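Everything on this sheet refers to the single structure shown next.
Naming follows writing order (A, B and C), and every chain is counted from residue 1.
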Amino acid sequence: MPPTPMADKPLLKIEDVEIAFSSPDEADIVAVRQVDLSLYPGKTLCLVGESGCGKSVTARAVLRLNDQNSLIRCGRIRFSPSDGETVDIAALKPDSLAMRKIRGNQISMIFQEPMSSLSPVHTVGDQIDEMIMLHEGLKPKDARERTVALLDQVGVPGPRERANSYPFQLSGGLRQRAMIAMALACKPNLLIADEPTTALDVTTQAQILDLLKELQEEYGMAMLFITHDLGVVAEIADEVAVMYLGDVVEQGNVFDVFRAPSHPYTQALMRSIPTIARKKERQRLSPIKGTVPSAKDRPEGCAFTSRCPYAFEPCAGMMPGRTSVSGNHVARCHLLTENARKAEVPA
Amino acid sequence: MTAETLPREHVLPEAVPVRESQAGLMWRRFRQHRLAVWSLWIVAAFYFVALFAEFLAPFEPSAYNPRYTYAAPQGLHFSYTDEEGSWRFGPYVYGYKVEIDQAAMRRTFVVDKEVRHPVGFFVETKPYHLLGIIPMNVKLFGPTEPRAPLYILGADRLGRDLLSRLIHGTRISLSIGLIGVVLSLFFGVIIGGFSGYYGGWFDSVVQRVIEFIRSLPTIPLWLGLAAALPRDWSSLQIYFAITVILSLIGWTELARVVRGRFLALRTEDFVTAARLDGASDWRVITRHMVPNFMSHIIAATTLAIPGMILAETALSFLGLGLQAPIVSWGTLLQEAQNIRTLASAPWLLLPGVAVVVAILALNFLGDGLRDAADPYGR
Amino acid sequence: MLRFLTTRLISMVLTIWAVSFVAFAIIQLPPGDYLTAYMARIAAEGERVTAAEMEAMRQQYGLGDPFLIQYWKWISGIFGSGDFGQSFEWKRPVTSLIWGRLGNSILLEGLAVLVMWLVALPIGVYAAVRKYSLGDYLATVFGFLGLAVPNFLFALVLMYLSYVWFGTTLGGLFSQEFERAHWSLPRIWDFFSHAWAPIIVLATAGTAQLIRIMRANLLDELKKPYVTTARAKGLPEWKVIVKYPVRVALNPLVSTIGWLLPTLVSSSVIVSVVMSLPTAGPLLLRSLTSQDMYLAGAIIMLLGVLTVVGTLISDLILAWIDPRIRHGGGR
């Protein structure tokens, strides 16, 4: 399937979503604020950020998989498959029939820990069969045939025997391949991958990434890829969105963002990646000062204020708006508006 | 760019370092456990009763009165209006009148609201020795008229006062739990400690023995051991023999806890450091390891007491535990074995209430201590 | 699997051997030899025993021999010819006395285990899934009561209430006319109309514990990522829970039978005494009080063996339902 042009209507559009978690003895914690994201068929959007920045919460919200104490306070998650009507996922009940028909069938997900994400007491084959039988109503025997074909496709050697294995009998890489086979079982329009390579060793990581790219091309599905690894982003992303403490601070085409990071946090992230250089030319890595504050202590304004070397007057008090840098590359930083204003003044 | 000069509003205040002793820390965590704090008070009350049993109980546990067999509980009342209609205050109990139960063909004592016997505090009685040492001749309360009946919780088949017997039984049942646990702790700490500290073959043997003992049904075993006690032993000898029998099985749980803590601590860096500094085994154990799991031991010990009490109650209930004249909750409940007797004198089950309350309180207390002892929560 | 089985079997044989040793030690415990006690009893009943008879018995039981030889005579009698010795009190072989009663014990305890599971499973699942709900609190309260109320006390209260409210005495396992009858539909009906009370009494404490364990296990499992995976498949919530976390939480629950059984056997002894059930319990108590030591030893041994075999069965079930054990996989 040829890649669809950008102008095409998005498959998934997350608009101004805010997600909060409530607990019985504390005030609600807002995990994600004002998130806007768009996903297009055949394209990959990477959500990047440190742990706890809300990237997983955002991704899980698409399938309404967050815990019961979470609430999508506002915003919409519009899902428009090419062969169906547009649904606002944010308005569905998590355990409703409509939501369950989307899960696994049109949008599926793979997780970080292939070991703990598969049931330890069911065979890999049974777990994949179940998905096929559930959404396509196949008989167990036919479902198993499909499962074996899928396992073969994702590169599991000896798929027929492997289907009868339990997860603990497989290596980490094979487990993740099985997980991918399960996610692809019903040919979803969108695949959400929540750090699928983090728990794997480096060579396996590369194999899994290649496999995902291959499969994406074949199935023409969109992919929402979550990672904290900028190397992985460079490898797989078309678009990137950088998150910090619940805010998307910068987003846009991966080349634009990498070439000209415009938010101080993105800039700092880029500086903290080691580069390969001769010993003499090596530079000290510059880690970001301080630690991520808790979402409870987040200022009203830009979440990065407490660690930002450039923080000034409006940062803590006012949420910066989305400012266009170039094309669809936008960042949320008061510096950008300030610079723009300064640039205007002399003129 | 002038960012650096701008004030930061959200600078955290310097954290004030507070040093708290481990006990203080534990106590603070313990207090958050409201049920456990309540239980602590209840347990304290129980042990207070056990300690001052002679003073608190209005009668000797064996004092009988055939005139009042199975007399119903009188309850304790505090105020009434006398014949002139004026309001009087002061503790009193009602008297009894005899009725003939036609169906059962025997006399029953029912509370007669026409007769009132006043009850006084700190009444003088026959001289006795508190805890067998301190000579006294005053009881907390008792009838002020010499021959007046006082059966607040009723009487048993020999007309003995259930309340007094319950109070004395509390002493025996709680002390047997306590002594049994101390004995178990002694075995448990020594065996479990060796096992955990040195490991190796000794550890595996001990583990197998513990597993074996824990896989056996305890009551038949206890019964078998208790039945073997010589018949001519005094009740005090029997009392101690029973505690030993109970702790023969009870030590396993404590040994398990001690061993577990030892194993966990043995590989800790501070223990290795102490050993590298040349500290002797004894010093490493007593100065570095024991203080670290003392709280766990206290919690486990508390949790072991209810089991002991229940075991004693069960053995005595079956007639193979403590023997009369010793009074314990178990021997008291033995009186309630016959269902027909129980139907006409249901107050004989009251010792059971004491058992349940004590067991619950000790369990909650133990749970609270255990949670407080574990700094990382569970 | 084979390795698991063999180690289990070996440890069971060793345990049974140790149980027999303990049982025999208990036989030997009472002061004085039991033949003397037996003589005294017979003399009290006005019978006479000749010196030859006495010598024959001395030979048979190996009295006067060292402990280990006596033990050997006893244990080889059991495993050789199923001979547990003679009951002094009943003047009959021990075997003729115990099997029927032991059968009743096994039946009652088995049913109690069944009831425990049937009641505790759904309640435990409910308490975990609806954490901190009213039902959860009720289950917790019930759990603590089950822990604190000694079962004989519970039995007494139940008997008292039934006597006062309905005028019936609970107790026994059969009505008189069915006592010696063969199993038939009316007899089964009669059995259950008697047995429900002891079963409830026996099952309560275990049920309370199982609920607590099931709740705690399931709460742990519910947080695991594979539950999210199952949810992400599009399964309905109840199916997600029943098929995955509940299934996994069952495994540790099965292994609790290992320590649940000893307590159950213990409590069945005392409950049987209170409710006068024709099980091994009252017979044991009676034999102990009358120092009928061969009978007592046999019962203690068989109750121990019963527990050990029950534990082995639970281990086998565990291996059967948990692939990680079946395939010797890492945990």
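Note that in this section contacts are C-beta pairs under 8 Å (C-beta built on N, C-alpha and C of every residue); 3 or more make two chains touch, one makes a residue touch a chain.
Protein identities per chain, from UniProt: A = ABC transporter ATP-binding protein; B, C = ABC transporter permease.
Keep in mind that what you see is a predicted model, and the values were worked out from it rather than measured.
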Original post:
Which chain's centre, taken as the mean of its Cα atoms, is farthest from the centre of chain C (ABC transporter permease)?
Top reply: A
Original post:
Which two chains have the most contacts between them?
Top reply: B-C
**OP:** Please report how many Å separate the Cα centroid of chain A from that of chain B (ABC transporter permease), as a whole number.
**Re:** 58
Original post:
If you average the CA atoms of chain B (ABC transporter permease) and of chain C (ABC transporter permease), how many Å lie between those two points?
Top reply: 28
**OP:** Pull out every residue in chain B (ABC transporter permease) that's touching 2 or more other chains.
**Re:** none
**OP:** Give the residues of chain A that touch two or more other chains, as numbers and ranges in rising order.
**Re:** none
Subject >> chain A residues touching chain C (ABC transporter permease) - in the complex, by the definition given at the top >> reply: 24, 60, 63, 65, 95, 100-105, 108-109, 111-113, 116-123, 130-131, 134-135, 166, 168-169, 179, 182
Original post:
Quick one: in the complex, what on chain B (ABC transporter permease) touches chain C (ABC transporter permease)?
Top reply: 212, 214-221, 223-225, 227-228, 230, 306, 310, 313-314, 317-320, 333, 336-337, 339-340, 342-343, 346, 349, 352, 355-356, 359-360, 363-364
Subject >> Complex contacts: residues of chain C (ABC transporter permease) adjacent to chain A >> reply: 132, 224-226, 228-237, 244, 247-248, 251, 321-324, 327, 329-330
Original post:
Can you list the chain C (ABC transporter permease) residues touching chain B (ABC transporter permease) in their complex?
Top reply: 15, 18-19, 22-23, 26, 29-31, 144-145, 147-150, 152-153, 156-157, 159-160, 163-164, 169, 171, 258-259, 261-267, 269-270, 273-274, 284-285, 288-289, 291, 296-297, 299-300, 303-304, 307-308, 311
